[in-house]
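Order of writing sets the chain letters: A, B, C and D. Residues in each chain are counted from 1.
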Amino acid sequence: MEAVRVPSIIADKLRPHARATLANVKKFVEEECIPADEVFEAQLALHPDQRWNSMPPILEDLKKRARELGLWNLFLHSHFQEGPGFTNVEYTLMCETMGRSHVAPEAMNCSAPDTGNMELLAKYGTEAQKEKWLQPLLDGKIRSAYVMTEIDVAASDAKNLALEMRREGDEYILNGVKWWISSAGDQRCRLYIIFARSNPNDPNPTKRHSIILVDSKTPGIEVIRPLRVFGFDDAPTGHCEVHFNQVRVPASNIILGEGRGFEIMQGRMGPGRIHHCMRAIGCAERGLDYLIARANKRMVHEAPLANKGVVADWIARSRIEIDAARLLVLNAADKIDAGNAKDAMSEIAMAKIYVPNVALAVLDRAIQTHGAAGLCQDFPLARIWTYLRTVRIADGPDEAHAAQLARTENKRHHNIIDVIAMQEATTRALMEKYKINPRPRL
Amino acid sequence: MEAVRVPSIIADKLRPHARATLANVKKFVEEECIPADEVFEAQLALHPDQRWNSMPPILEDLKKRARELGLWNLFLHSHFQEGPGFTNVEYTLMCETMGRSHVAPEAMNCSAPDTGNMELLAKYGTEAQKEKWLQPLLDGKIRSAYVMTEIDVAASDAKNLALEMRREGDEYILNGVKWWISSAGDQRCRLYIIFARSNPNDPNPTKRHSIILVDSKTPGIEVIRPLRVFGFDDAPTGHCEVHFNQVRVPASNIILGEGRGFEIMQGRMGPGRIHHCMRAIGCAERGLDYLIARANKRMVHEAPLANKGVVADWIARSRIEIDAARLLVLNAADKIDAGNAKDAMSEIAMAKIYVPNVALAVLDRAIQTHGAAGLCQDFPLARIWTYLRTVRIADGPDEAHAAQLARTENKRHHNIIDVIAMQEATTRALMEKYKINPRPRL
Amino acid sequence: MEAVRVPSIIADKLRPHARATLANVKKFVEEECIPADEVFEAQLALHPDQRWNSMPPILEDLKKRARELGLWNLFLHSHFQEGPGFTNVEYTLMCETMGRSHVAPEAMNCSAPDTGNMELLAKYGTEAQKEKWLQPLLDGKIRSAYVMTEIDVAASDAKNLALEMRREGDEYILNGVKWWISSAGDQRCRLYIIFARSNPNDPNPTKRHSIILVDSKTPGIEVIRPLRVFGFDDAPTGHCEVHFNQVRVPASNIILGEGRGFEIMQGRMGPGRIHHCMRAIGCAERGLDYLIARANKRMVHEAPLANKGVVADWIARSRIEIDAARLLVLNAADKIDAGNAKDAMSEIAMAKIYVPNVALAVLDRAIQTHGAAGLCQDFPLARIWTYLRTVRIADGPDEAHAAQLARTENKRHHNIIDVIAMQEATTRALMEKYKINPRPRL
Amino acid sequence: MEAVRVPSIIADKLRPHARATLANVKKFVEEECIPADEVFEAQLALHPDQRWNSMPPILEDLKKRARELGLWNLFLHSHFQEGPGFTNVEYTLMCETMGRSHVAPEAMNCSAPDTGNMELLAKYGTEAQKEKWLQPLLDGKIRSAYVMTEIDVAASDAKNLALEMRREGDEYILNGVKWWISSAGDQRCRLYIIFARSNPNDPNPTKRHSIILVDSKTPGIEVIRPLRVFGFDDAPTGHCEVHFNQVRVPASNIILGEGRGFEIMQGRMGPGRIHHCMRAIGCAERGLDYLIARANKRMVHEAPLANKGVVADWIARSRIEIDAARLLVLNAADKIDAGNAKDAMSEIAMAKIYVPNVALAVLDRAIQTHGAAGLCQDFPLARIWTYLRTVRIADGPDEAHAAQLARTENKRHHNIIDVIAMQEATTRALMEKYKINPRPRL
């Protein structure tokens, strides 16, 4: 088995403990999780009518195994004493490795949206909230959902999110519709972390929303239907449409207080995106592995496909693009480690845009190299591709991030214009000094 | 003036001395070299008939200035006691900065092919050779050419290079034609480092060539004509076709001995490519600066071009691609620092392929944003673009490097195929353990 | 409702009858078929355990309706007296329109692989074969499969197809495995047209295979499993793996005779590819419609998405690429009409390569414009995308067609090289005539 | 010599006379013009100081020859009795052929901007104006310039063009600066057709400008300098910056009258763009020829480059893209023939955007296949590339045309949205009819 690909530039930043853990994660993923991916699917398919009511047994077995191996809750970097204390750079490489397998992140209790939700609780929750929700999440006993997206509101337009959250006595009452709620199909999902409009009249549009913890079994909550992604339903967790009809929640379930939804949301986002990106790189590396394996096994006209110049070119480009993508993510992770996620906003945006596009291209080449086989369930490629395709949309489409990145770059324009003006003036002065006519005529 | 863009991931690797030098290089380039670029062109244009016989006076003034500022021979990392001892990572960032200006590299005596030639002399030359050629090169008194390319031989096919080098008594006699000899148009160019076929009958095709030092004024050498690059002649140094007709050279001018041409050539290449790449990144950053400046100054229908979504998207993509490119180069540089150029062969190839393509795209967007103005001499963009276009070909075309990179990746195929087979076997075992029919029928 | 987009260049070639039929097809597709697509899916989903054993009733209703409207078997151009006699150019535009709906082609009895199979029977079948199989196909009573693809053989390598077909008395016995057999999951599919290796020892590798008609209910045939495309199973027709175990077939079922498989296969291919391409263009136009609708309805920051420069650019590019694609297909169709499919081989290959790539790009942009909604079952976009993705692989991957096209272009090289040599000689003569030194020295 | 590539779809539209002329154009271009291109350059280079004061003699010889062959003024389709009466489709194919050579268009008196200017005079000029300017242009005695572009105004923003045109008695007085005035460097250029702001206070911004004919030798006109395109100056015609200082012009030189500049400009544009596009396709075909020739002659590691998969892929793609591009242009030309340029606005825009981008890609691949040789004067590739690069900017940048095209497409949005709404309503009705719950719950 090959070692995890650690770029030279980052090698010094991996401490021995992280390096050892990374090797263990790699071994567990390759030898136990990837082989289990297909078993997970097969167990799910055994009882079509139970797709949303059971959990393939192999997953709990893997979770047990991961705890035995000490590969549990690896993400808890800086927020807890209990955490393993990995830096973002270190954990990020583990994410890449976990991303190679469908079941690995959950097996190690490092799967989204739980990791982000646990961090949110750790950072902003009261002791009571932590005891009630964080502990069972850390123990892998329950799962959680982050309930934000609405049908009629663009992701980049969060200030228009409209799920109503009205105070009545000691309770809040929720009304409205959310969708794309990952994990909401999962019977083990007990916690909804809901982004709702509590203060619609606040003059500051970023102070109108709150975040509140809601038990998924509260009356009035109805999980309507799973949304399929290119035909995949991602059972048994799914991405669901959920209706809220007069849902009553204790007021004490609010996080930080009314109007602080944006603040909390932004605190949750940065590192999570980086981890998504690295899982996507794990996907891309696995796609490249399959591409190389197929190209060297498949014979066409008595020669391996790998001899074809176009296929070789795909392999070379894929290697370059993946390595460039990984460096972008690691650089963003390092900047978060060095300061905070806010400082690294541009670096995170660059990774968020670049990585899934590159990974999709690699998977597409891998699929094409497999021919029809690459489209179907005999290989993990099509499923991985659809996952990657969602990453270009989740947490805001590429275009929104690119527009933001351009705005940041454009802030440099005064400075640049001044420097160019200075240079032009200096040129004119030099022309004079050297007695040259700066614009000789024809 | 903005500081040099130092990625977070590399920040620790810049020692204080290098950081200070880098800042000085930046200041010198922005304030003195870039303004001089146009003056250099104007001085050259004053006497069309002297284009190949004079050197614009501003260059010597800049060289003097650079020496005063201690910005001279910055490239001499590890080969000399005299050198400033910068790592490749450190020097590479200086190269980026120098690459922003046409005259800056030569002003600091850090221009190709002289740097590579000086390293070659330092590494492989005898004391006598160093005294005769290396010292005046270090002093900026003469220039040198690396004489390798031939009209009928592909760059990736060096074993077919055919310039004849025949021993006769104490001399070698050279016969043949070379072209694209950069600097050969320059009156100050005194040293030719020539790659020639001395041992055509050696059974090992990589032992047939030698490298020999030749005084450019030796009888029988004729500089035939400059080759233009998209209309630019790059006077007064140029890229020339040179004929060798019974050129007699003292046998002692050979480097290392007969048949060692390939070995020396390979020793010369690695870091040089990295430095070319970083100069190209400097070009790209300057292109992006002009793009941003223009987009924010130019009004169309009463709004700045920067407001156009497509232009903003160009800016965002350019930022991402440049940053990814820089990280690829820095990672390669770091790997050279950590080991040697041979170990970093794949990393160097990735940078060599990725960087000029990205930089060309950025410059093309900058040109398009300037409209017709971007095509002409009023902006440095078209000239920079043509330089970058040569980088996709110089030292071997992209495609040759990609093919080599694919061969390296394909070496992994046995290992990958074995891991996949192990995983499939494990899946079958798990299916059995969990009593699942692995291929249920319709 | 908009009229079908008929390029100016082709307008004269549409006869009034075809123009009227095209308008009727358009009306039927937009008003009856597209609304039925979702109903078809919903009926299929009613009984998950009957997915492969029933046919949504709406389909038979639509077929009845199409016959009433005279929109039935439109494809039978030149092979029958009974046929409507449309040219390829005319029928091709109908294909584009039908391609907009999932159910439309079958509703009009114009769906692949039946159309190609019916043509094959019409062209090559005996009277008895036509009576038995062609008539019920023309009547829409049964469906048929084209049974060619094998797991271990690349599509471009058909001479290695290995399903065994052995003569024994008055019968052939078939043994082996095929996959990606479209329609094989369909209970109504009664005819398999099988490509098998009957004469493995023929010295000419293109004479080793035969095509034989097989009743799908023959003992020894086992439909093993449907292959999913991304997450779609395309029930109830599907794409299946089928095993053949001692399947006995009357010898009279052979088409044309032993060893003529390649000849028949090639006769079947040309126009069919064109029709696939035009259905793909119908998909692309529908994707662009959804893109435009969404961009003009969806508000972000109080303005429609259509105002965003990047989205506008997607719309413009999509329009250009679709129109270019349609012209390529129509030009190929016209060339078939003017001569035959063999003459138009390069034109067909160009369309085959260009069209699905363009259509995929359009659909991808449409999906991105819809955000997460575009990925799921609420819009037809993801399903259409997966269909288009198969087109880059079906009937040979892009790369095989491109390689063939390059070989055809390269055949021109002698001629081109001669012309350039003539021009260079003429230049030299002119230089002499005008007394110019052709290679002035520096 | 190969025949001109006439797509099947257009074959019927070429009348015998046009077909014969096309063949003659082809023969003249390949055998006489292309060989002369290099001679033209060489004659120009003989006297560097006369670059802008002489005209290479070979051009007049070719013009004489073209007249003898009856290949003169081929563009005068419908505006004159004297014209040859070719349709746009017919003439367009001749343009493609002429576009293969640098000197061919002028040799046949079919070069821009003269053709557009002659059409303008023919359409809008008075008899006196025609006699004075049109006749010598038709005779190839003088050349003309179209004087529109200004430094500070974006091409897509013509209403801000600011050259002042003030009435004083029987004269207009012009003051201001123009640039990128093609032909202005040419000593034979006697006519300037100037777009100027005569009525700055007209409330309608498209009524503020006029077009006026000006003798280039009028006092107050100063040709300041040629603008270079990349490193090419396009001497002796050039693209110049021209200053107008109190230039007095007879009032009778105005075209149509004050305030009609936009109307005339728009009338001039359509077909001209098509012809530019077809010349660009001629460039692309010639680039592909060189690519194929080189790929089949150049040996690398003992095999021709054409065997490399990547090069073969370039050839295939180039063929597809060029053929698609030609069909787009021919379709636009046909639509102009069938109606007028205004109706074909979208088709023209599509060609204007698609063609140069495709042609640039082909030339870039051709250059890359030639290695360093492709960059220099030994092949026509670099020069052709720079010409094509200007086409993405001339007459408005790609992005302006794409934005306009998107606006046109977006006008369809009401219609599309209505159709989709109708379809959704029909689906709901069908669901009811078939008794299906349209949104079944989980």
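Basically, contacts are C-beta pairs under 8 Å (C-beta built on N, C-alpha and C of every residue); 3 or more make two chains touch, one makes a residue touch a chain.
Quantities reported herein were computed from a predicted structural model and do not represent experimental measurements.
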Result of counting contacting C-beta pairs for B-D and B-C, higher pair: B-D
Farthest chain (mean CA position) relative to chain C: B
Gap in Å, rounded to a whole number, between the CA centres of chain C and chain B: 49
Whole-Å separation of chain centres (CA-atom averages), chain B against chain D: 37
Interface hub residues of chain B, defined as touching at least two other chains: 308-313, 399, 402, 440
Chain B to chain C touching residues, read off their complex: 52, 185, 222-226, 240, 308-313, 439-442
Chain C to chain A touching residues, read off their complex: 48-49, 149, 151, 154-157, 179-180, 227-233, 298-301, 305, 308, 310-311, 367-368, 371-378, 382-383, 385-386, 389-390, 392-394, 397-399, 402
Complex interface listing, chain B residues touching chain A: 1-2, 7-12, 30-32, 34-36, 38-39, 42-43, 45-46, 57-58, 288-290, 292-293, 295-297, 306, 309, 312-313, 315-317, 319-320, 323-325, 327-328, 330-332, 334-335, 338, 344, 346-347, 350, 353-354, 399, 401-403, 405-407, 409-410, 412-413, 415-417, 419-420, 422-424, 426-427, 429-431, 434, 436, 438, 440
